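As structure tokens, here come the structures.
Heads up, the next two complexes both have subunit A, just with different partners, subunit B and then subunit C.
Then we have the complex of A and B:
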């Protein structure tokens, strides 16, 4: 119950930030140099009446603050306006595209956590030995390499040279196989989606992996020097158990913070990785919106990505509170 | 021991002095960096990239500075190391290698095979420009972009963070809410929207955008630093002496909270270069014909993944090494400035 209360509290706390995001994106999108009306009339003759009619329809003839209030009113009802380029509701477009991006980001994090935590523990355990140095060099390379270049190199090796894995697109595991003609049966579907996901996942996850590995290593080293570890050693607890249980659990707390803090990098990275691998996610939608000067869509996507980040941070905060019994759920006691 | 008494005295004296301020000060920091192998490596890489960036800057601007009087003359020819069959063309003007039988037809001109030739060690790009030259010139864009936008973020963040932390109360609340809001939009997204807002894709808008997008991070750090410095006695003394708030912030608060910022800024340069490379890759950073690694990778990725894989390799390696240099140096600086870390 206490946790639920904390969650509600954090959600309420994020409302000003969400409003702030909407103001910033609204101003940037609406005060920009692009003129949506002339964009809509591309290739057509511009007559006064038509321009008026369009302005009327999209509410462009109203003053800015009224347009903002109308937009926010629609937003609360789940209406993000009409995309000018696609001529469809922005909310529908986002719902269609949010799946692949979430799949990509979450699997990248899964990859990062699964590889980084054991590597970090091993590095801390074998401090200043060759395996430690190797993992530190790997982490340094991971932090210093752009995700899109990792993607390009992976495509060059595994798709162009070896031809093992596909170089673009995604197969979504939640779509029934009937929509993919060449795939029959769910197992085949999962296998195909894994094959498609592997390279973008690694490309996006490497930076996270390297960051998490560095933190895990320092935390484990610190944790291994703690009093409780000394006590466990004095009691004759085997070193393996100490490493796995006593030292390990304490060292995991900062990892949660890192995951939350790096979420915005991961979302930004997803935009680029989606471009490299030609994945139809939020990132591609955003790039499309910018290129087509589709200000409604741009606003919708930017806000949605901001909301995703804020929600992600709240989730990590809550899981932090859940893991760490010392956190008081932000209440003054 | 045959050491003169006076010499001995001065030695112990200076030794005692070192003991007192043993773990602070520039000399100590530099000494620590020199001891640390990885930090030294970082310093070498950073110095090298800075040198290349400055060098190409002088080189490519020479003809413009001399009004074309010595347009065929470049510094590159002075150094045998950079001695080039023709000459290193200024960025964007190196089209003289374009073979006459493919005039202006970009797509039909196939880049040289992997490995290139003696004339073009890394081959040429799709317009026949020497790829090695372009990779070298790319350093300029990346390094200056990294430095300038980090500087924008650092100064903006310092002002906002220092004011918020020093005054506290409502000022702090309002400033920090704004900072949090900007922080909540993923930087890359914010920068692209901002770039489009102020007038379209250009490297300078990208630099400004990156700088602004990183203000929140710096502001948060400097604010927490200022909060701890504010309680110091010397601030109270200055206030009691009637020093103006602005002067207290500029003369006492900021300098005393600067060491961690310096480390962070160094590490941030790497992040900035990473983000600008991403921006250029998406087409919102440097525009052709400016040689920029991200933009070169974009062209290579879109058109030449199968025909010449090396075009996609070299700029990436250059980005990696540059960022690695700043990261290594920043890590080393962090260790050197942290009095609690022992060797």
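Then we have the complex of A and C:
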């Protein structure tokens, strides 16, 4: 199983990257302005003894490298420390919040890919015809409009004006909310889930869709000019088959790269979209952590996002190796 | 000629309509291919060889278009124009539709081998899969039959372990092996004619030799006709039966291979021959052809080769020669498009050379009035079209 070996190899390769991320975020969180102890003692009289006791308890009196090693030791056991603001384990908080964010990011990508690929192919096929120009303008608007603005406009139109869709929150298909008493059966749950997801998904996915569409168009045009397309034509392959199979397959390789490379943009965008739609995801947790100067939470969330990003890149690499036969699996054979 | 040729191309004109102007890539060429022969189409880059062969397949890409002439294959019209009721040229009724050309001609009647074996195969599909797809499509075989046929064909073109290599991807094949795959592809569809567009140009010389031997053997075995497009006269000498030499969209000389090499009638062909090493001649230095081929947007007046022609005279600037029979040749009339031959009767001998120095006649001839002189004066058929 060459692919499995390659996947393991890539996973091992990601360890130094993750260590690097942890060092940088640890330094930034600890060297940044704001003192967690004074934050904890907000409104209370600060006496030397109390401060010492807190520093002792959280290990803040130790030198930086020792604190880092302690933190990493805990990390290996799944202990990300205690959130100062929420007064709960960071790991629990992240586990609660990672689901909605993943749901949002993945569905935004699904939306982007499902719409962008056919549109890109059509634009390439009908190059310089009206539909191509229309898609070019749409892509330009999509790339240049910030996701929070799209989100607000969507809420104004579909939630406030038309009252078709809810304006905030998410319903998770894996956990029926207690507030929705009317929900019975899975179908209703999925339906509600989709209704809630639709607007934030579009708000987050539009940028990805516009980017992917343009790349798809360019790649298809290039692929359609390939010698192998000329050969297929010369052997009487119908134009439709060439578009769907011969030219299409080659053109998808860069799309995989784009999806992987834009993952950071998508995760960053999720933070904003979650705020606009009041979704309790990682984004909101991150904003809270920064606002409350909750450095343990900040560290935890950053590490988690780092892991998500690295995993995304690995999945990209593996799928690239899977669909492009020319990519060798790491080591030479 | 005993029977109708397999393919007849008459006065074919293919032009590209670009912003800079109309490129007359193929400008009125005529040639034919008979059953079981290899016909060469020779010329420098940009002479219009590839455009001519793509025109036959109906695969000229926009902004290019066939604007005139007639292409007949096995008695069917692949391209033909006639004058419509409003006086404009329109496609003839008996011309095959593009759908008919796609399903009935491409692949199963006329197949191609392209120049670049590296780019011609699709990088994301297996070699066998691509071969099988074309066989299925053009011979109406089932998937399993096509697979068996593909493996047989790979073996036939000399690919070792064809069963295993069937499932490999193009990047796992060397250039020569890929070209063998393309040859297998062409032959497996059992066409009557294969257009080979510079198939060995991208290969090194030893591999080229192997491929030429392979084609020679397979051609004998299957009896397939070939149009062999190349710029390499060495390859022509090795493989072709008859040759058409192209220059700037026109055919300037047509002859059998032996006639072309030993009784060269056109200065361009001569210049081409002098520019390559030949085993039958010893020279201290090869002569390159002076200058570069002009653009096909605005070809030179008169004979298109005259600015580079060592034999050019004043008349060559004005008279535009079409190919004519200039010698009997060896079982095949030898045709050339050069006014220096008697068949043209264009006054070449009296015409001063281009440097202004009279060659045969006195200086008086230089003041000869610029009459509208053409290479084919009306009613003069002394050259004769066919002298059989």
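Here is the rule we go by: the second predicted complex is superposed on the first by the 325 of 333 C-alpha atoms of A that agree within 3 Å, B and C clash if a C-alpha of one lies under 4 Å from a C-alpha of the other, contacts with A are read in each partner's own complex, and residues count from 1 in each chain.
Quick note on the criterion: contacts are C-beta pairs under 8 Å (C-beta built on N, C-alpha and C of every residue); 3 or more make two chains touch, one makes a residue touch a chain.
These numbers were taken from a predicted model, which means no experiment stands behind them.
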item: Joint occupancy of subunit A by subunit B and subunit C, clash or fit; value: fit
item: Partner chain in contact with A:226 - subunit B first, subunit C second, else both or neither; value: second
item: Which superposed partner A:53 touches (first subunit B, second subunit C, both, neither); value: neither
item: Which superposed partner A:238 touches (first subunit B, second subunit C, both, neither); value: second
item: Contacts of A:4 with subunit B and subunit C, given as first, second, both or neither; value: neither
item: Touched partner set for A:323, first subunit B, second subunit C, both or neither; value: second
item: Which partner, subunit B or subunit C, touches more subunit A residues; value: B
item: First (subunit B), second (subunit C), both or neither touched by A:64; value: neither
item: Touched partner set for A:114, first subunit B, second subunit C, both or neither; value: neither
item: Touching partner for A:246 - first (subunit B), second (subunit C), both, neither; value: second
item: Minimum C-alpha spacing, chains overlaid - subunit B and subunit C, in Å; value: 9
item: Interfacial residue positions of subunit A with respect to subunit B in the complex; value: 16-17, 20-21, 24-25, 28-29, 31-34, 140-141, 143-149, 152-153, 155-156, 160-161, 167, 264-265, 267-269, 271-272, 275-276, 286-287, 290, 293, 298, 301-302, 305-306, 309-310, 313
item: Residue numbers on subunit C that touch subunit A, as the complex places them; value: 57, 59, 102-103, 105-108, 111-112, 114, 116, 119-126, 133-134, 137-138, 169, 171, 182, 185, 189
item: Subunit B to subunit A touching residues, read off their complex; value: 177-178, 180-190, 192-194, 196-197, 199-200, 270, 274-275, 277-278, 281-282, 284, 294, 297, 300-301, 305-306, 309, 312-313, 315-316, 319-321, 323-324, 327-328
item: List of subunit A residues in touch with subunit C within their complex; value: 226-228, 230-238, 246, 249-250, 253, 323-326
